[in-house]
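In the two assemblies presented below, subunit A is common to both, partnered first by subunit B and then by subunit C.
Presenting the complex of A and B:
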């Protein structure tokens, strides 16, 4: 598994690069903590008026927030910075070097940049998730746990594939940073379960930007309300999206090389 | 010797949008896009033997870089065929990529914020080198390029020259059989240019690797490349020895005279390039050289006389401004 060895090397490089700025970790922790506090405050305000929100209880929503931060951190540790760098490399022409390497270009591009300190998001997200489970003594058995991990995996694959598709657009339209802004705006909506949004937005968040699968579905799984079929659907869709992103990336590479086929 | 590169009528044309100046034109072009085809490389054919060092000459936009990019697998040609080490480059087979390297003078592959050695380590993993291979090659390159204390510095703290040395080392860790060097000495000072040049020469002798090099600096090509390929407007103008290029394209000779006393007007002998005191430089048509020299020796009191080809830069310049000879 050369991809795995590459992953290790890039993580080491990322660690080396950022270890010089240890104080950044504290800043990151502070920033994430502040972000999380404001979201939790919003939840508290909502639940001071009502007992459930679209069928979600406070503890379940806190778990959802935890998952939201876990996924956010995961994107920001590697996927987002790497693909952002890839877009810069397209502009500067440094991408040529990636193509002369005897390794899968998509793998190289996806790993190229690591922001270790963004693991703070993952850390705080995990804390929120665990605390909400323990405090409300939600029963999370093996089944729910397994479902949750599967749902999280499917969501991660979908978000990654989605980013690859967005980044691949750079082969045609040099400047796609703006499209990434759209992703972030949509992702922010994932702090609430998508079920509470009006229909059109719900569908956008489910099928266009896979926020529902990345955050809501895993949260449903952990609170024991995800059905087997919705999980299977998520896994199936993850496979389809991944295959599509892979195909699209290849088309992009061919375009870059100026191949007419 | 075996042929490692075989190119047959290789061509590349781009379709580029055409747009007039001004707001109106740019709005129109949003709706109705006019395009035009630019032929960057036109039916170039050549073959290169293992171990050769070939210099590509040509003005900006001549098609040198496009050719190198096709040979290193970055670009797909629009016509013709090419075989490099038996591979079709643009298929980008991993076995092919492991045997070549590309260095581009104006771009960098080292990671900016971390020590050089860690970027090297990344390449070790990408090229799947064993620790022993890596160690051995690293030591060799460190010695040849005098990298010693640079390895532990972050790339951003290096001077351009130091960075280029490291870039070259990073590109050679996997012992490629073919080196594509695109303007490797761009922007470097004279002594660093010479240093890099000597290194490429040594490397070629030591490993027998084939080198294809483009450069703006004639000195690079003069020092390194027994064989030159001249490309202009995407077409191959010349392929052969540098000396033959000079013979073919230089229509004039330069006469440098050292006279016993400063002379009046010398223009009756040829075109006066410079005249300072007793020293003068003249330019005469090649076929008249013998006759003019004889006349000068007869009519003037000459201390020293030297017949030479004009500087290569000048010849190349003439070639390009004339187009085809």
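Presenting the complex of A and C:
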């Protein structure tokens, strides 16, 4: 509960800080809109040559793109900028100040920076998702809706845990920003359902970088093709990854000796 | 000046400029070798993107009875593997970097030198690519094993590929350098960059070989510069173009190179004057 309260406080501070630069929201909307248009154009080109792609209909793929942007925005609002700042703080020594604060350090470093305008990604993603559902008059009942939210939650937890593990590596290595680049490169592969990829890539995107669980599985839930067992599996894996990342963080922080010489 | 004029003074100037290249190349090669691993990580995205589209189009080809728009999965593999190589050799990062150069005043140093800063950029770009070929070439071999490409190479196509690639490199470099100069006038360069990349992605042949694009989009791609820096050299190498198409492509490459070089030499002086160093 303490963590939730901190989340609200930091979010408010971030909102106040960024509210000075409101025009940035318009620019972010413009940039995200362009990015989305370019992805949708690719889908349009593909479906000008075929009716289904690996069993996915056009509207199901645009729903998947919506989810892709929702998750992308969620990462970029807080997790990515905060953990990036954490890694810089390790180098500069500012992390010592975080440690002196009377709250859990992992919570603090996960919340320290807010890029509120990246909510534009979430907003446009949600629009794409809703428009796809309505236009195709997909039947999304309580069951599919609930499955979708559960899948999204599991995916979000896995992505967060993955980021914590990567960020924790900063305790041992210095140039970790480059490692984060692996995540971003892999994440772009999530614009298409991972099922179409060859085995080695599919498994990498499922087990090494949790793109499949963050984007494809929630999209399967919306289009009503996610089974109960795969959802349970996702939730279980999310718990395991979360516990592992927490343990790994503790190991890292115990190893940390401070920045002073 | 970048547009060559054929007077003796101009020729001497060009010779002196070229003399700086060995030094630039040596320095940038050493600094690139220092950060091999981080450079290699940046290659993951360059390798993954063509793999993604190759998979998408192979899936489509199979569902359409073996081929789509004249490409079988094996031919898509050849197309995207060649594109991986071409795109690696022609891509630039100047549009991302200019913002920081202006913001942090890096241009102050570049402006003190008696040589146009674009030459150091070209040398840096070339040496980075040479170093990273150590990642790209093994990746291509692995992709070849995974996707069974079908190459029907004939010597003439391969011979034509080299000038097409070289001009594609020059075209893309000059073109993106031109756009990057926008950083002198506005701090909103990411909006400009995003616009450029969105259009480039679709019209360069990266999303699909342009013959698969809807006809009016393909027509637009046919005279804009994007295709001539990526898709065109690829299709030349694979021998998919007629002699007429190849000659016309070389012509369009030359036109765009000239336009971009002219714009750079016209705008550069004004932008350098516009630049006010930040800091003390």
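Here is the rule we use: the second predicted complex is superposed on the first by the 256 of 261 C-alpha atoms of A that agree within 3 Å, B and C clash if a C-alpha of one lies under 4 Å from a C-alpha of the other, contacts with A are read in each partner's own complex, and residues count from 1 in each chain.
In the analysis below, contacts are C-beta pairs under 8 Å (C-beta built on N, C-alpha and C of every residue); 3 or more make two chains touch, one makes a residue touch a chain.
Quick caveat: nothing in here was measured; it's all calculated off a predicted structure.
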Requested in this report: In the superposition on subunit A, see if there is space for subunit B and subunit C together, and answer fit or clash.
Outcome: fit
Query raised in the report: So, does A:196 touch the first partner subunit B, the second partner subunit C, both, or neither?
Result: second
Requested in this report: Mind working out whether A:5 is in touch with subunit B, subunit C, both or neither, as first, second, both or neither?
Outcome: first
Query raised in the report: When the two structures are overlaid on chain A, which partner does A:228 contact: first (subunit B), second (subunit C), both, or neither?
Result: neither
**Report entry** Most subunit A residues touched (candidates subunit B, subunit C)
**Finding:** C
Requested in this report: Using the touch definition from the top, say if A:13 reaches subunit B (first), subunit C (second), both or neither.
Outcome: first
Query raised in the report: Should A:97 be classified as contacting the first partner (subunit B), the second (subunit C), both, or neither?
Result: first
Requested in this report: Kindly classify A:178 by the partners it touches after superposition: subunit B alone (first), subunit C alone (second), both, or neither?
Outcome: second
Requested in this report: Note down the smallest distance between any C-alpha of subunit B and any C-alpha of subunit C in the overlay, whole angstrom.
Outcome: 10
Report task. Mind listing the subunit A positions that touch subunit B in their complex? Result -> 2, 5-6, 9-10, 12-13, 16-17, 20, 92-94, 96-97, 99-103, 108, 254, 257-260
Query raised in the report: In the complex formed with subunit A, which residues of subunit C make contact?
Result: 37-38, 41-42, 44-45, 48-49, 51-52, 55-57, 59-60, 63-64, 68-69, 146, 188, 190-191, 194-195, 197-199, 201-202, 207-208, 212-214, 217
Query - Sites on subunit A touched by subunit C in the complex - result: 27, 30-31, 34-35, 37-38, 41-42, 45-46, 48-50, 52-54, 175, 178-179, 181-182, 184-186, 188-189, 191-192, 196-198, 200-201
Report task. Write out the stretch or stretches of subunit B touching subunit A in their complex. Result -> 12, 14, 69, 72-76, 78, 90, 92, 94-95, 97-98, 100-102, 104, 107-109, 111, 113-115, 118-119, 121-122, 125-128
